[in-house]
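So, here's a batch of structures to check.
Presented sequentially are two complexes of subunit A, the first with subunit B as partner and the second with subunit C.
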Partner chain A sequence: MLSYAIRRMLILIPMLIVISFFIYSGLELMPGDAVSYMIDPEAAAEISPEKLDALRDSLGLNDPFVLRYVKWFGGVLKGNFGYSLSSGVPIRDIVFDRLPATLELSFIALILSTIFGSVLGFISAIRKGSIADNTLTIVGMLGVSVPQFVFGLVAILIFSLKLKWLPVGGRLMPEYVTYWDRFPHIIMPALVLAATMTAGVMRYSRSSMLDSMNKEYIKTARSKGLPEWRVNLVHGFRVALTPVIVLVGFRLPTLIGGAVVIEQIFQWPGIGNEFITAVRGQNFPLVMMIALFSVFAVLIASFLVDLFTAILDPRVKLG
Partner chain B sequence: MENIKKRNTRLDRSFDKLRAREESGLAKKSNMNRQLRKILNNKLAVAGMIVFSIIILSAVFAPLICKYDPLMINLKEVLKAPSADHILGTDRVGRDIFSRIVFGGRVSILVGLGSALGAALVGVSIGCYAGYKGGAIDGIFLRLSEIFMAFPQIILVLLLVSILGQSLMNLIVIFVITGWGPMYRMARAKMLSLREEEYVQALKSFGLNTFTICYKHILPNALGPIMVNITLSTAMFILQEAALSFLGLGVPLNIATWGNILNAAQELRILQENWWMWLPVGIVISLFVLSVNFIGDGLRDSTDPSQQG
Partner chain C sequence: MSLINNAFPQYVNNNYFIGEKMEKLRVFFISCLLVTMAFSLWAGGQQEDKMESGTKIEGLNSNPLSDFRVRQAIAYAVDMDTIVETLLEGKALVADSMVPNGPWKTPGLNAYSYDPEMAKKLLKEADWDSNYTLDVVFYYGDQLTVDIMTAVQAYLSAVGLKMDFRKLEGDLGEQLWTNPSDPVNGPSYIKWDMAYAGSAALAMHEYYGKLPTNGSGNSHTPSDPEIDRLVAATKATANIADQQSAFFELQKYVNKNLPLIPLYYQQLFIYESTRVNRNGGAYGNAQYKYDWNILNWSVTPDASGKEVLYTNTAPVEFFQHPWFNPGIFMYSKVLFDSLLVADEALVAKEGQLASKFSVANDSMSISFTMNDAKWHDGSALTAGDVKWSVEYALQVPAIHSVFATTFKSLEGAQAFIDGSADGISGLVIEGNTITFNFAKLDPNMMLTFSQFPPLPKKYFETADPLQFQQNSFWQNPVGSGPYKVQEVQMNDYTVMVPFESYYGGTANIDEIVMYPSGENDGNVIKNASAGKLDYGFTKSVADVKSLEAMGNMRVTPVDIPYTRLFYVNKFPKP
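And now, the complex of A and B:
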């Protein structure tokens, strides 16, 4: 087990290095001087050209490319992500400022979609070929076919503008004290995000459940005379759930990027929203660093998921 | 008794019907392609094909269907509700929404289909060769695809948009860059199992060159899953184009696409008061993607019996 973890980790490191190298090359190719995003823009405005040149020398900007990359990567590992072009705020502060909002939204959506998706997939599988199954299949197809933002817009129109039950967007207001004050804000984005994610989980859990229902141990359970619900729920569903959980694990990291569009529609102040603003404003350092950050998250999470699967199923070997 | 009744599913009934026809000697030996027949039996896939054809045909014959130029600005008729004159009303500068949707379909479908075909061309031609040869080439491309697939898709797309800039051609290139990975993986996996077949051994012993073996003799056997993948990617790319253009980061706004039409709905006032500006196009996108997904599913069921269920 330990050797598996270590070997899996060793694959991770070259990938991190190559990806960060790409990102750094992208940063270097961007218009503008590297100095402009290494120092605070407000300070940069007051420095004379000669001083800037000296600064460039002292920063090692005339060093060979690879050496510059190594220095930059060292800085990133220590948490020095550089500065945002538009506000001059350290990028690390922006990322960690916005992260809680994104995680809050994503986790709620993830939990809801996992519960709904696996239960609906289970119902669909044990009633295979029935009206309920066919309806769920078509609804699931609709879920992956209707654009997320159209779904969101319809929800805003109905629940915020017409019925006025829920706020249009945003997350925090100065007068909010408890979590329940801001709870209405998260209902719509979380439900819309969860609804679009449920379809995928549902299809997956349906096929996984069908798979497990053909297994020998289900026949054994049935021939023992156990009631049907016990066979399905205790013997079938429990086993069918493992691949679903793995799928959910893989979804976890993509959630940092997955909510980009939803965050934009509902003006949810998360990473995705910040990312769009940065892309629009040609704020390259911020764009690159958020991308790098999300890749880090993906790689680390997929490492953990692999490890988790290996613990659950000893047959898994390093491919 | 009740148990027997419950087990009589739709599939059983259709089998009964087939058997009855066979016994009465009505069933003729069909010379239609087996896979085609199978997909024609799938009601959802047929419904998908009908909707798909209608939308494709109206996009192709757009100039014949539309009374108005999609780019013609008419400031006398701004934000008009649907009427006999303008079937789906007009937008903020008086452009006819119906012709914008029909003409927009041309660009959106071009982006979706073009990107899917491009990604398939790149992914499959690399995957086919690398999967067959194995070794260092395979290792390099495998790692490369892993790197591309480590990015959350939308983040990579937006990153590339910010580097390359916004244009129709750039968008297709970006979708190909982000989409070749899964295609490559799929083609490679298929090749790994196909290259062990006996006919490949035979071809090798005949002394055929590697390119002929893998592109002419093995590739046609992997066409089923490739077609399925192209269909499903088309649906995905159309959704992504719509999302990007909605955010104002996809196709430049002066070209009518489905996403660009929806862009107007970012304004809450339009969302609330001018439903015709965004709801019809939202429905058209959903219908089109839904039909493509149904076709893709039907294709999968008809080409790959192991995936049925």
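And now, the complex of A and C:
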């Protein structure tokens, strides 16, 4: 297991280099550059090409593509992630400023959706064909098919504007001191995000549980006279969780960029919004850093999924 | 023969008339040609007489849009009244000039009211090739623009003009405004036929700045001596009446020839919650700074008795510097003062940072005596800060074109820009007085001095002007206005509180809390509905409808100089 883990971690390094190069190349293919985004189109008419060129020079945008990549990657190796081309703020500060907001939102949504999705899927499976199963199936389908922004806007309309129970958006306010002051702000975005994620987990959990309940080891457990709850929970549900874990594992990377819609609707100052702004503005040091985080998260998630699958399912051997 | 040679030099080289033997036939041909020529001249005269508008067709080239009749046809073909009433929900005004309605607009302009038959007639006269497809570009990302383009496409199609439209991406400045190397004959550097754009002018001169020969951003209009003369005339005087007269002439010429096609005037809508009271403060162009009585505004106090004003446009990554957009953001308006203050029509009315000022009779010099203003860090705001600000502004990449024009008109400005002088010789400091001496007249200098805010020199002394906006100063700026920054949570909120040492007294509202929601984003309506937006402005007609329907908000429309138009490429295309 340890050698497997070390091997997987070592493979990450060349993968990160190759993927980062591809992302950098992709940015290069986009029309324009950071300067063309910074300058308003009307203002651009008044600025001499020489001045624009000097600005590009000062930001290092006139260097050849490969040289820029090497410079950037060299900086990353030294722990220097660069500066935002638009604001001049160190990338590290921006990422560490925005990332906690997104992780806070996404982790809560992930935990809620995993717990509720698994449990509801389990109930739906063991009550197959019942009213509860049919209701949950319909709710699950709705959850999967209705876009997040619809959920979000309806929630704002009901809970913020009509009932006035929760704030309409944002994360912090000047007068807040403790976490509990700002806790009301996260309830709605986290629940809306969790609701859409729960539906997927529930569908996976249900079908996996149904599949598991027809297996020989379940029949064996029953033949040993074990109580039904134990058969379902310990022998059925545990194995049925394997595909759910895979699903949840692969959702880990989306913790960084997967809540963009929710962030926009609820004015949540997360990294997702920052990423979109950075891509539009071709703020490549920031794009690269957020992208690297995402890539790293995908690779780590993939590794963790393998690890947990082996732990949960005795038939799986790591090698 | 010499007459023919002179009149038709193109015929000389191909030996068209060099017959070998038949002199009589030659004379016959010449006679025929002369008759034909005479008939053509007569017919041409008749044609001109028949034209209801426009002048003789000059500057025709291989680009069909170089024919003013085609441009007129486009103007006649599009029913702007209907577009304004439907797509713009009546929240705009149809334009017949670049200049908005008011004292600067000349009466009697052709409105080019919807007349598809006239459009067809003009296209026929211009011998329009119906297989040609106009390439129309725009750079806005909103749905309204696409809807307008679709409507224009349909209108043009109805008169036999094909049109495609596309959104420009990438380096917009290059694609829109690169001048051709030959400003007379082209070919154009740009690829498009028409560009849908907006012109938000601080000074009337900005509307026509792209038309003269070698004008900055003139990617589209071949050199026209008459335009050059008329534009120059608008800048030749500081006398308002003379300027207006010059603008009238310019508008008439542009209205006839349509080197660009004005479409509609956009309005600005100021919204305020019923909690806010301006206490007599004026309503004006909220995109710029003017005397709006902010010191005396009041807001219904909250439970603790505190007056808190909620607004938007808080910084997301950084405070945008005020040398390009001096007043579009709330923070720019209240953080930074200028030498003069303007009234709601943006006419400079009195000193702000200057306790007094005097303008020379010939308008070639202006002196300001500084008051005892302080920066928000408590240090004194000096004439040296003003001088440094002007010089530094000329080195930063993007400042407002009106400011740039004023500063470049100063004595010694060019030498400073070239690097042959350490400072601008036309800026002279004596004690707490600074004098601006001009090498050439700038009719908009008062506008500049009422909008351009000086900045504190000490924070930028070692900073690269090219990376002015990237300076850490813009994470938490130190200003000179009635409010100072108290707290910045970038992308969350910004709090501003009254500056206790403000020379004009202490502002009444205890706190201004700003959210990062922008002028046209969907959060405006949500925040206003939730009672978390007390002041803002928008140009989004959809938002205006929603805001007007809210019981807790009032909306005030303001006519602003903001014209939407088609720039028309009249150069031969490469």
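Side notes on the structure shown:
Definition applied: the second predicted complex is superposed on the first by the 240 of 319 C-alpha atoms of A that agree within 3 Å, B and C clash if a C-alpha of one lies under 4 Å from a C-alpha of the other, contacts with A are read in each partner's own complex, and residues count from 1 in each chain.
Everything that follows uses one rule, which is that a residue touches a chain if its C-beta (ideal position, glycine included) is under 8 Å from a C-beta of that chain, and two chains touch if they have at least 3 such contacts.
None of these values were measured; they are calculated from a predicted model.
When both complexes are overlaid on chain A, the residue A:156 reaches subunit B and subunit C alike.
Once chain A of one complex is fitted onto chain A of the other, the partner contacts of A:63 are absent, as it touches neither subunit B nor subunit C. In the overlay built on the shared chain, the residue A:167 is in contact with subunit C alone; subunit B does not reach it.
In the superposed model, A:88 makes contact with subunit C only, not with subunit B. After overlaying the two complexes on the shared chain, residue contacts for A:28 are found with neither subunit B nor subunit C. Looking at the shared chain after the overlay, A:53 reaches neither subunit B nor subunit C.
By the touch criterion defined above, A:294 reaches subunit B but does not reach subunit C.
After overlaying the two complexes on the shared chain, residue contacts for A:228 are found with neither subunit B nor subunit C. Overlap of the subunit B and subunit C interfaces on subunit A comprises residues 30, 156, 161, 168. Those residues of subunit A that touch subunit C in the complex are listed here as 30-33, 36, 38-47, 51-52, 54-55, 58-59, 83-89, 94, 97-98, 156, 160-161, 167-174, 267, 269, 273-274, 277. Every residue of subunit A that touches subunit B in the complex is listed here, in rising order: 14-15, 18-19, 22, 26, 29-30, 128-130, 138, 141-142, 144-150, 153-154, 156-157, 161-162, 168, 207, 210, 253-254, 256-258, 260-261, 264, 275-276, 278-280, 282, 284, 287-288, 290-291, 294-295, 298-299, 302.
Per the touch definition, subunit B reaches subunit A in the complex via residues 9-11, 44, 143, 146-147, 150-156, 158-159, 161-163, 235, 239, 242-243, 246-249, 262, 265, 268, 271-272, 275, 278-279, 282, 285-286, 289-290, 293-294, 297, 309.
Touching subunit A in their complex are the following residues of subunit C: 139, 169-174, 176-177, 197-200, 210, 216-217, 316-318, 324, 397-398, 401, 404, 464, 466-467, 469-472, 474-475, 487, 489-493, 495, 511, 513, 515-517, 523, 526-527, 529-530, 532.
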